[in-house]
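First chain written, first letter: the chains are A, B, C and D, and each begins at residue 1.
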Amino acid sequence: MNVGPGMTTLQLMEEMGKSGVLGAGRLYRATELLAELISDEETTVFLSIAGPMVPGGLRKIIRDLVAGGHVDVIISSGANLTHDLLESFGGSHYREHNETDEQLCQMGMGRIGDIYTKSEDFEVFEKKINTILTEIAGKENQLNIRQFLTEIGNHIQDPESIIHTATEKNVPIFAPGIIDCMLGLQLWMFTQENQLTLDAAGDMSELSDIVYGSKKVATIILGGGLPKHYALASNILTGGVDAAIQVTLDRSEAGSLSGAPLEEAKSWAKAKCGSKLVTVIGDATIIFPMMVAGALDLINKNGSKSD
Amino acid sequence: MNVGPGMTTLQLMEEMGKSGVLGAGRLYRATELLAELISDEETTVFLSIAGPMVPGGLRKIIRDLVAGGHVDVIISSGANLTHDLLESFGGSHYREHNETDEQLCQMGMGRIGDIYTKSEDFEVFEKKINTILTEIAGKENQLNIRQFLTEIGNHIQDPESIIHTATEKNVPIFAPGIIDCMLGLQLWMFTQENQLTLDAAGDMSELSDIVYGSKKVATIILGGGLPKHYALASNILTGGVDAAIQVTLDRSEAGSLSGAPLEEAKSWAKAKCGSKLVTVIGDATIIFPMMVAGALDLINKNGSKSD
Amino acid sequence: MNVGPGMTTLQLMEEMGKSGVLGAGRLYRATELLAELISDEETTVFLSIAGPMVPGGLRKIIRDLVAGGHVDVIISSGANLTHDLLESFGGSHYREHNETDEQLCQMGMGRIGDIYTKSEDFEVFEKKINTILTEIAGKENQLNIRQFLTEIGNHIQDPESIIHTATEKNVPIFAPGIIDCMLGLQLWMFTQENQLTLDAAGDMSELSDIVYGSKKVATIILGGGLPKHYALASNILTGGVDAAIQVTLDRSEAGSLSGAPLEEAKSWAKAKCGSKLVTVIGDATIIFPMMVAGALDLINKNGSKSD
Amino acid sequence: MNVGPGMTTLQLMEEMGKSGVLGAGRLYRATELLAELISDEETTVFLSIAGPMVPGGLRKIIRDLVAGGHVDVIISSGANLTHDLLESFGGSHYREHNETDEQLCQMGMGRIGDIYTKSEDFEVFEKKINTILTEIAGKENQLNIRQFLTEIGNHIQDPESIIHTATEKNVPIFAPGIIDCMLGLQLWMFTQENQLTLDAAGDMSELSDIVYGSKKVATIILGGGLPKHYALASNILTGGVDAAIQVTLDRSEAGSLSGAPLEEAKSWAKAKCGSKLVTVIGDATIIFPMMVAGALDLINKNGSKSD
């Protein structure tokens, strides 16, 4: 690899592509595949997000991918949606604290690695989400999780919000484990005195319609967990995804799905035989911005080439 | 450490305790803590299971912990429940295949690491679970997930089943992401032509009653994911768990909850200040059997000592 | 797996063998292979040790394997030899400190994970090793590293020492990176005013004689690094080892040798085609005592069976 | 983070810096520190390289850092030096093979992850290095390892070679484990019939002169192993390095030095109290090119700012 002054991210990644081996090679192949998937109008692109992607600084990149029409379906952990709303409601993510976890607790701060949250931001979150829940429950008593998230997207006006932008762009958000986050906790407390039921199985019909209605499906997997499995498993009825990219630091040996090689998905018909699969081992807060920057520039470059 | 002929597991672990450092030290401290938690009648013991714990050979150990009254609440991924039922319905987990994932797919075999499943076992699963679903829907149209799993436990007779044994022993099973497994898929397909709604938020009332009704709560965490978060987060209302043990190969640097140190839970009031927390880095199929064997023998030893 | 009261380590591991998958399966297969290698009189058994194996509590197990005639060649990092001598000279490894690394430095304590050393122990080490170096230099001016370590073994009387026991049992110790530890530092300072040269290339003749003189060679690899590579590479002239077991927490994706799968050694003729290779992912302070306890009991069991 | 069209690597990394958390934050801080270390004329910069850095595509980046006067001392594994020479002698690193390791062996190809080497390239290496060894032995019978590598650098003319460029720029290369690589193997075979002794302890005087002669020392650590330890330990006599950056995928829990946090070095006086220490968890073939590209542009930017 050659590193020169003023190099663009794409130029650096093309150096990685020329080297072609180890992490650098995998990252370039993932970037090429991402460019191909985004450019291909026949491919429905899923994005699954688990782990602290929104608190970790990827909110705007994900929001912009949705706004740009590059992502068609989001499958998220509850926590990333909670943190998206937290910021829309005026809260923030903080850094550079040296206190112990016991001290943080007494200060009312929650820690995610080296990211910090404030309980007062969650108090604002609580009030604002309750207003929205009251409005939603005024119209509907039973919703699928996807419908519920669209309703929330309709009730917030923050153009930087992933949920709001997804609603604007008709990009459905699925969150099968939504109950397991602050948003879910507020929902449950709300339902103690109000009528609002989320149907856990209800989203599957809509999701399977999307899968059946797509010529090709690809999924980009940030972190593992439930969103990874749900994104892959929802494609089982049509024989699996046509392509997938995963970014993870998890490992495979203990058999957990989060660290499982994408190849394994072929055995379950969650990825088609012959599908294009690339895994990059690394921290998504480093790898995903590079991959997106590289892929978007690669599309521009290829586009202007073909003109 | 000293290794002698015919050593019991407990004796070997006591050698690890005398060494007291690195993994060996952590494993012994986790074993001591497990013995203490099991012995303490004031402690409600949660067990959270994610990753292939049932396919990986821990089914009987978990079932026996439930049967012995050592675990009071289970929080599971959907997959572990599916695999528990798969075995109760006559299916099995297979090993020693050398085929590629594409070949396995054509043979109708799904792979989890070096564990293999057969699609014909899933076909039997499909038929049997549908019979049970029909019976359940004949009685109830809306259930919480915990109630739904208890109903299933009532409909199977396999004494080796975790679900059945938990039902017998009144040990509730929570599975917030249940929709994301073969059991969930069958449930969804069933609901296309039948009326049966699972309320995603419904379990929280029951779970919070358990937490509020416990003098102390401890959680044993195998794998991370949604079950780990749910087990810890459900204790937030009372200031967090009093003790926790986690076994994982995940790492902490990218900020995912699965790899997060238990200390971090203190900042969120998911673990109490002063709570006893031990993490063992390793493969749960090795670590958990050792820990359980060691803890049960330690209880016996301490019990006979005090006589 | 089934866990019962008073279970021996071997019984527990046989349960892991019956399960046969993931870490538990790999650990049982490694244990079976270790028993086979130890029992086979035609196999020369190498043990390579890197990482804090002596400070981590494995000193006596390794010493006993040597004393029992189960290990024929040791390839060690310099640090493990330094720590073996440190204990023979009356020093120790300490635990349960909560100070920061800056505080530890001011207290004169060095940290290895959760293991602590005292500078006063190193001062004793310094004096005693200098006496020995003076005696050695009185006899020889140039030595291979193996010869140098044998000389040291002759000068200490601690029956618990790995170096001393290896000398007694004519088990050669190789340490290609010996210069990079406290022992190496003392050696260098000694040579500032005395004549004593260690020939870096000199050991290879002896090592290659051992390899050529063996019907079969197997290597047990704890940690990776230089000792792993040296153990494997020294067998390249005869087409590679016949068997290998490695215990590591390192991973393979970035291409480092420490995390490399043993299969890769076949491509380099460092492991024979058809050789028996087992990797266990885990902390050696947990895995290796189990494996040794299990293997020795398995040999006893099989021995008494055949009587 | 914001990703825009045609973004330079530095702009992308500045976005990571603004986010400031998890891997992205650590990478930006490492990049800032690297820029500071390179710019500071009072700091002697060590670079330690273990793992397949040359085969993995970092040869030119390392060579250019040396040529640009940004690195003052190299501490390398033997393998990286062998692979540098292999390329200078006309050999190459290959990719995109799908054969098994047993097939590769029969084809005469060695594998490092997804990098492949050819035995015929090693045959050329063997001939050429023997010519050089003969020439060196014609002049000297005993050399330190550093002197030996400088002699080699004088005998090759490849401007792309790290060894040659280091010789040109008077950048010493230390390789305490040099015997453990193909270069070491050839050296040993040569010494069977020729007189040429490498003194294992000899380099320490020169290295300690460098350390004592430096106002400040910083070390950049790619991979761990012997080079990491040697780079840190050589600074123990002056109380430790003033700054260090490490890039690794190894983890800390089992206590190995490769995965050890840099903080631990403070307890050993291998890093000064108050020293600047940054670890980035990731694959060096991705992280290091980014860090170097970012740091060099940051220096340019800051330089032109101050004009």
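Following the convention adopted for this analysis, a contact is a pair of C-beta atoms (placed from the backbone, for glycine too) under 8 Å apart; a residue touches a chain by one contact, two chains touch by 3 or more.
This one's a predicted model, so the numbers in the text were calculated from it and none came from an experiment.
S.K.: Which chain pair is joined by more contacting C-beta pairs, A-B or B-C?
M.R.: Most C-beta pairs in contact, of the two: A-B.
S.K.: Roughly how many whole angstrom separate the Cα centroids of chain A and chain B?
M.R.: Once rounded, the distance between the two centres reads 27 Å.
S.K.: Suppose each chain is reduced to the average of its Cα coordinates; what separation in Å results between chain B and chain D?
M.R.: 45
S.K.: Would you mind pulling out the distance in Å between where the CA atoms of chain B average out and where those of chain C do?
M.R.: The answer is 37 Å.
S.K.: In chain C, which residues are in touch with two or more of the other chains?
M.R.: Answer for chain C, listing residues that touch two or more other chains: 21-23, 52, 55-56, 113-115, 249, 251, 253-255, 281, 283-285.
S.K.: With chains as vertices and touches as edges, which is it: line, ring, star, complete or other?
M.R.: Graph shape here is complete: every pair of chains touches.
S.K.: What part of chain C is in contact with chain A in the complex they form?
M.R.: Within the complex, chain C touches chain A at residues 21-23, 251, 253-255, 281.
S.K.: Would you tell me which residues of chain B are touching chain C in their complex?
M.R.: Against chain C, the touching part of chain B is residues 1-10, 12, 15-16, 19-25, 27, 52, 55-58, 60-61, 64, 93, 95-96, 113-115, 249, 281-287, 289-290, 292-293, 296-297, 300.
S.K.: Using the touch definition from the top, list the residues of chain B that touch chain A in their complex.
M.R.: That would be residues 50-52, 55-56, 79, 101-102, 104-106, 109-115, 142, 145, 176-181, 184-185, 187-188, 191-192, 197-201, 203-205, 223-226, 229-230, 233, 236, 249-260, 263-269, 273-274, 283-285 of chain B.
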